[in-house]
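Working notes, structure below.
Chain naming follows the written order as A, B, C and D, and within any one chain the residues start at number 1.
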């Protein structure tokens, strides 16, 4: 969570701030007040809550704490829109976020405008330490932009009318993907992670630090993620019905929840369709499978005679790939994973789908949480979750990097999460 | 659920239809799209759902079934807005009603207008049997008008901002209520219930029939409901903390849920306040206590050395009271129970608060459910629920009558439900 | 819960005490220490707990309270073996009764012997008021004798080995039962219930009082309970799969629990078998169906075009039947419902199976709970439960009477509970 | 799960088999039939089930599969006593293990004798591959010996009588422990884990393989585990009440479960007592704290300004310690953690308490599960669990080794689990 922006170019941060704030509003533009207020499940939050919480972050940690005479827009709202920062005091219970029909979406938009204006005024005069908080707030909001999209998707998926948030041109039919090719990775000692503070113009969360050596065996990564057509072969081979492919916890989850396909797949007229933000469409065979849990990714890998990569293997390979490339989010609009472009090397490392690794989300050797309330950002979640790497079609471009550690519980699958296979050599 | 309207005065039904449909929309007028879409708990429904479900009733049982060439406004919506009519096929799960952010509130309003226009055209030509269904639909919608208000109250009560749906003048302070006076009732054989078909211009649900004799012992009813100040005495005497006052199931409920006061009471600055549709206000001592469960009503009665009335005792006494009198709903606007007017006889039998009886909701001797899907209206709920009698401040005036049997589970208390004591003589 | 024993014949009570205490031990004789210690579900209790709790009743309410210098056998045990008497202070949680592997079954037997000896010594000198408590303790223990049998049955039913508690001769095949004949009952005002104190040599619980008038319509009762073969016809006709037969709560229960037959029925080699205390046997067609819930009884009655009797109808008819007749429990050994004997009048009113009524378990007009801790015996359970009448094959002979009100929740079915139909005339 | 026993000394395995089988029976000797049959919670199993399941292992994988003409002792029992081997077919549901009052403890003992006799006869003639299964069965049974003790402890802890399984001399008061001293470990590349097959006379489970390099930073381990007196300082400092010490999942667990001390600690007369297999005794200050969860261990470490060791750090240091040393189980009898002996190096690495590490239980690089049903032994549990290292006072001596990977979910704490601190240098 530390960074260094070149103080000779203050506009870069300011530009980032404006771009990020604007994108959030563009993403929410197609939503009605009701769409933005309802919470689909405890894991998800209403879109309005995302818009408000990210605003609370700037108002609290920047304006309230560091701008003289700033007065809270509404003194009652911090209680509503704090997420989980214990150091910031009591807060509204997470499962009740969807009960907040007031303040309205428009009132939240007005709050956003108010806070944005105050930051605009204050930013040029803020010291570096506070600029770092502004930058953190931007990256924090980018995370919530991705969640806003996946949370709305999970809400619309519960509506039998299958509403589309965006209208999209249909993809032209893609040729069947070439078989997976295996790309050998580095072995021996490699360095992963980031040292703090990061270099000028860069950013990393505290959990990505410190940079440290890791030992890799001889191994290879698949050149692309697993596709929907490959996933259908897994289904057709009884993949969800045979215990031997599954971790014990995963098998219990499959049985208990009646899982038989990725999250948003539905049987329509005897075939599989996939519900996305642009509505319900036939599953596209050549696109990467998405909305799968760690348990499913792991079972598929075992069925395929492979395994999941470790996060060190993934990062080591990704270091040579442009993290701003690929199918990531440039502007509000329909998002969906796309078929791999032709090519020979590692493709789709960034964009399309996050990739589950076999690594538990644990502190790196020598990890220290950031000081203050923002120190609750990452470290306290380091149990029971699994690391995903890369970026998805819903990740704002510019937000991703090789060292990025995304993390979810092994049963969660409402993100654009897929799988890239690995194997020992 | 049978009635007889004088066919010489067809306008009465048409006028009722228009009045009822208009009131629903007036009640929802202050709500935002979000307010109208969120479901506060499984027991409650979104306001939009009430507006839609009552419309579905007319479209299905009147227009679809009895108007030639009527085409459904949207073929996908009946699945969404059927409540519990098994004979009408599968339907959207009740706990998921709050996930339906689409269709929007405005779309539902447009549907209402469409259906209203079609009924307006068709009604003059409908045969008596179908006019009976229209009338049933009106009374059905009046029930949902009361639920719409209590469901919104339960939703707003979950919002820490305590939003008010209506602004209201504050009541002038009421003098302390006179002590309860006991009014002796009839004893021996009395007749209760209704014969079907009811007389011209009247209405009753099937569960109110048939009229039948009931045996009453010597008893008396309190001249008015229990007040908030009396309820505070119960609290202050440890009423919620002493098992001996409570039914076993009630005591388990109190312990499990941490119940210590009526539903919408909150401690504010060391005193009790009461959240209502006009916001959070100090508890008004002389007004009837409201939002209590059967368990609480029963415990209070035992603590007070009294008991709950039976429904036959209540109805026998109420037969002499004008059921259109009292504090009932005349138009959209703030509602709340009010202090009893001065007087000497039975007061507040209708209006202010429903009154829990000690009677289980069971079929009357000789009961037969109505034929067809509407036969699911009442009979299938005849287990595990308790009867309430009277009417509340949220009951549309004209909807109540002495024979009316309202019913809820013994722990439910989100209705305007209070208690009138009875005792043996 | 009041009675009058002729003080000129003190031995009758003493004889009852000894007979009851001996029967409990005989019933538990085939059980291992483990059999007697495990709790099959929260509704049930371990057999050892029944043996201990009934002993606690005598030790507490007779010996401790009324016998000078009596010292508790073990001061720690009352906490363990109080069931639900709040006035007797805190107690071991009901769902944890099965965790008490100590004291052992043999230790409980020793306690029983100790308490029995103390009562034997004290009884001749006890005043009438305390003799009443001894008598109450005997009837209380008879209730637990029935529960001991049904609780063990529910435990053994969970064991895939299907262990038999008793070995029994197989019944000779019974001829198919004659069709139901309808026996008209009294109508108009009848008297039911009991006045307290009851006559010499009789007994009743407080909930059976007071005797009071009840109004009956013209009706008839079936001459015998519904048989297993009739129940199979219900199953074969899709009875468990068609919502229109069911109360709403019942239908939800059927769907949620996957109910498709009476509790202990299992499909074996394509046919139905019935697990009982003498093991797993083919369902006997002519025997009364047993182990059904109120919901099932009610659904069957609706399917059959009939209804359940009210408790007043049942008691009015039963008053002319010898309550000590029929297939009730005379000694420890295999119990099972048996085919109706040939005959023309009401048969199997007592014995074989309890009969669900359509009446809620509510206080009779003028009911008052007994004073003291034993006042918690009945009155506090008067919500949410349904009345059963008669007696079963597991009811100790002498314990049953026409006025007896047994009660369970509508979903419970681990008792020997069946159904006798009624209809209006 | 592979090993090599010197075929020149076949008696070693036979001796191991006899010793292990005898110890299980000695451990169960103080138990009544009821003690051995009841299941305290879903995580635990009845003692009788442990005795049976370990016997099923030998009967199935050795006798049934590899001894000609062996007939199952009872064909119905494998269904009851298979634990989780999907490849062995359906099995009795884990939460229902405590319902099996039959077969009795004595019947299980007879089965044990039968199987032991058959193995005694067969063992001299078995080929190496099957001898390996016998050896695996012995180590498997040793694991269940430890569980048998902790499961009985969790059962007896639920009994308000606090029964003691064993009577024990009280420890003489121990002097207060010396403050922790930090022992620096190796850093750089170390080797951990085991190669398969292991050397003659040794044993390892499949999850301990393969031996592989690991990278260690500069670090130190505490010379002894955290003591009860240190844990009391954590409690007294509000350790259980301050969110900042806790992982997010841990904090939710503490709040939800009302955790305020180690599992078997109880407040008695204003002080802490500790329930153990020899009854309830005052907490012994100098003994290692036990029965804590991973969440508690982690919170304590954070509070103490330290961290948990990684499993590689722990194993690297333990390789120099005699794994058969320390307070481990030699014979049936009272077990409890004891104060550290005086000394200067690493103490209590083996014995007293297992030590939570900060490592997730994941496959080692290159891990392959064993073939066949026994391949379900370890690999399928590699998600969501944490590694513990060492051995406890309940671990049979000879069963522990530096490479041993024990694992439990982070909230589980019914094992003898404690914490040894680590820190970076």
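As a convention for this text, a contact is a pair of C-beta atoms (placed from the backbone, for glycine too) under 8 Å apart; a residue touches a chain by one contact, two chains touch by 3 or more.
These figures come from a predicted structure and were not determined experimentally.
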* Identify the chains in contact with subunit C as well as subunit D, in label order. => none
* Centroid distance [mean C-alpha coordinates] between subunit C and subunit B, Å -> 38
* Asked: So what's the Cα centroid distance for subunit B and subunit D, whole Å?
  -> 60
* With chain centres taken as the means of their Cα atoms, state the distance from subunit A to subunit B in Å. => 47
* Structure fact -> Multi-partner residues in subunit D (2 or more other chains touched) are none
* Interchain contacts, given as pairs of chains that touch -> A-B, A-D, B-C, C-D
* Asked: Given the complex with subunit A, which residues does subunit B contribute to the contact?
  -> 32-38, 40, 48, 76, 79-80, 92, 96, 98-105, 155, 158-161, 163
* **Complex contacts: residues of subunit A adjacent to subunit D** => 84, 86-87, 189, 212-215, 217, 243-244, 246-251, 294-295, 298, 358-360, 362-363, 365-366, 380-384, 386, 410, 424
